[in-house]
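Structures incoming, each one as structure tokens.
Next come two complexes built around chain A: one with chain B, the other with chain C.
Let's turn to the complex of A and B:
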């Protein structure tokens, strides 16, 4: 039963994608990495690459920190309350990413709620420009993908034996030791899963960086769109796509290794 | 007997198909305002020609790629596109030289629309002016150089270089800063120095309209085709008439080489260029007319690029200059402005 599905996937997905991506490894019909060397030789491309990596890592890291705190609180709630709060965590996932991202344009604008609060509290005389900055893209991506981390960690924490934390505390462990020596090792599968989902999501999301960052905060995915839809440059687009795929797989491998260590 | 019955039925089926079969014309157009186009242009033409129009939409790059990929056996008969994109297709030998004697309204077109590429492979069907939209209660714009003045720092948006409006803005800013020609290095440097004062480099006029509505941006260059997004607002938006004048561009219609459907394509182009259709399209505020005989009331004209005086005054960049220099401009822009 698996064979037809495998043939179907190979013929209609893997093969065309492989052909498309292989163009990046050819120059004048010869197999070479010159296209990648040329890509990274350009300062703009390097800036975009490191910005994408930095924002992906930051979003995953902050999601993990907030996710652990949220998941810990949620699993310790009464079942009825837990269901309600869990529903609130899932709710944003049911709303289109486009709508969620556009909401940030209003929230972070000069006349938005954030600037109203900043000016109202006297923290600044004039509104601060948040839109089309890395801060805006970071917030948009965080809001978009953090629920995935929280859900993964809730799932892991629900499987945590109920008495391990009180036992560690009775034996004199501080809360930091409880987290690093008990909770973290026992929930690492959830962290790996959530981390991979958040990091790859942040790396490959197009709408949020395009709307909140525009061309002033170019990321690899928005640069890829430019290469295809403006320059008709499918070779460069293939190179960017390959870099993104490698980064996604790399993140999963690194997270698994950290979890095993 | 059975065999005869089957043969007769098959013959009748083929005959009836032949009777109802209509000619088909495949056109490639921009995806905006398709409902309005359907009413003003497509459906009336289908009634007249007793043919079917197959409408293909998409952005310019996609549509050009499709024409190029099917050059040996064209799947698109006729297309509308910007003049510089048309020149790119023409240079690749993908367009057919037009016999303008088959376009009865040809003599009624503005001079600039008659042979915009210089090789008779396209005719202009619409013009658009570009200038600066600004908040008249907050700022006064009298020159393109005002976009870089300190009073509007942090409140200005510019079009991205990769869009149609980008090179036009560079052209006029260069002029305002005292530079001649289409060598924009100094202007790109000047924008690069002020990059932090520019809110964003927008790609779509709809995006700009939202930013101006929520007062994020108070001045930005934009095409006249988007003016209706601003003119109907409660906020006091004004269309600038800068000292250096307005810029603009033209979209053209063309025919793919060897499409085999030339007769119907000419009929459609002729119909689209006629005063009757151009008036209908202008009244619906879809496109500004290229036909000089079109007359529209003042309130409609206000939303369009209308009239010989305005069209002849536009500071356009030639399609060849755009095609020959665009890659260099984008490279400089990426290094100095986007960084």
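Let's turn to the complex of A and C:
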């Protein structure tokens, strides 16, 4: 009974993806790592690689900070209100990423809200360019993936015994100590799950860097698209694909280790 | 007192960041002017109506609907038996099979799309529609298996045994006892699959061909050539559509349990 599902996935997924990944190890028909050396010797590729890694980490970090603050507040609401707010947090996940990213053009564009305000208040004579900057991509990714972090944190905070925080306070812990010694260790699993989802989500997002970053702020996904559609370079495509998959799996494994340690 | 206000402020700010942009889209689409701006230049519904006049949007909407509905149904047809077997029988290598079936979620969509195009669609000469259909089915399959498994695990096995003892065949026991009991799980899987498939971009990016594009891809292309509020209006309409579906599902099924 599992056979149809397993065969379907293996034939349509694992096989083609496997061949694609192997392309990165072949240059001119020979098995070699030369493609990788060549790939990383180009400054543009290196920049894109480190930018992707940096934005992924930054998005995960900021959503963890904001996530903890808001998850803590949401968990402490009355049940009825909590359900309503929880619904509002997951709502964006159901809306097309194209629509959600498009909103940032309206906000950050040359005639967008932010620039209208800046020019209107006389802070600058000409509109400032926000689109096609790392900031725009960062904001877009943050808005796209933060709900995943908040949801994971809420569900692990709900399992937090109600009296541990007052107990720690009574025993003289400062709020910082309460957070680092009580809340953080007890919600570590939620943090790790959320962190993995946000980090891998940000690494593999295509729409956000494509719309808000364009060709000025390439990330690995948009670079992959360019390599294929502009330069027909399948060795690089295979290499980028391998890097992305290794980074996603790596994040999974490393973070799970941390959660258990 | 001060503490509640601080906590309200934090929640409000977070929600403003998460949902605010969506309101901006709704209003940007209401503009009476011809270029995208916020606040809108006068109010009118013309862009919301204009969306329906664009021929390519109509075509790509139909394709996206077809992929979302048929792809998800197909994923359920192969996914439900798989979920059942994984939950009920101690199959050797069950973990490996779970991992294989979950692979489409883990591997980034753009890679899947490219790999399918280059090593399956081009060599075997598939049509664009068939390629998109297969890709969307594979993409939805892991969600179908996971959600249906979750609802099977909550179902007691002895009622099925009872049906068999009372004279049902295995198949009858499944269709008359198990299936009605996991109906809401299947429906939840369908809705989750539908929304995932409908909003999917990276997988379809390479697979879309001339004249055959899914709606999100069509919107991306349209955005590159024009700067009018119609994409904002269309985005808002689609968001309302997803919200409506999810809202109804939440009211009738308690959908968020399954997500």
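The rule is simple: the second predicted complex is superposed on the first by the 237 of 261 C-alpha atoms of A that agree within 3 Å, B and C clash if a C-alpha of one lies under 4 Å from a C-alpha of the other, contacts with A are read in each partner's own complex, and residues count from 1 in each chain.
Keep in mind that, in the parts below, contacts are C-beta pairs under 8 Å (C-beta built on N, C-alpha and C of every residue); 3 or more make two chains touch, one makes a residue touch a chain.
None of the values given here were measured: they were computed from a predicted structure.
Of the two partner chains, chain B is the only one touched by A:129; chain C is not. By the document's definition of touching, both partners, chain B and chain C, reach A:106. In the superposed model, A:69 makes contact with chain C only, not with chain B. Judged by the touch definition given at the top, the superposed model places A:13 against chain C, while chain B stays out of reach.
Set side by side, chain B and chain C differ in how many residues of chain A they touch, and the one touching more is C.
When the two structures are aligned on the shared chain, A:43 is found in touch with chain B, with no touch to chain C. In the superposition on chain A, A:226 contacts chain B only, with no contact to chain C. In the superposition on chain A, A:202 makes contact with neither chain B nor chain C. In the superposition on chain A, the residues of chain A touched by chain B in one structure and by chain C in the other are 105-106, 109, 111-112, 228.
Only residues 43-44, 47, 105-106, 109-112, 129, 131-132, 214-216, 218, 226, 228-232 of chain A touch chain B when the two sit together in their complex. The part of chain B that touches chain A in the complex is made up of residues 59, 61-62, 64-65, 154, 160, 162, 195, 198-203, 210-211, 214-216, 330, 334-335, 338-339. For chain A in complex with chain C, the residues that touch the partner chain are 1-2, 4-6, 8-10, 12-17, 19-20, 66, 69-70, 72-74, 76-77, 85-100, 102-107, 109, 111-113, 142-143, 146-147, 150, 203-204, 206-207, 210-211, 221, 224-225, 228, 234, 237, 241, 244-245, 248-249.
Against chain A, the residues of chain C that register as touching in their complex are 7-8, 10-11, 14-15, 17-19, 21-22, 24-25, 28, 35-38, 78-79, 81-82, 84-86, 91, 97, 100-101, 103-104, 106-112, 114-116, 118-120, 134-135, 137-138, 141, 145, 195, 198-199, 201-202, 205-206, 216, 219-220, 223, 231-232, 235-236, 238-239, 242-243, 245-246, 250, 256, 259.
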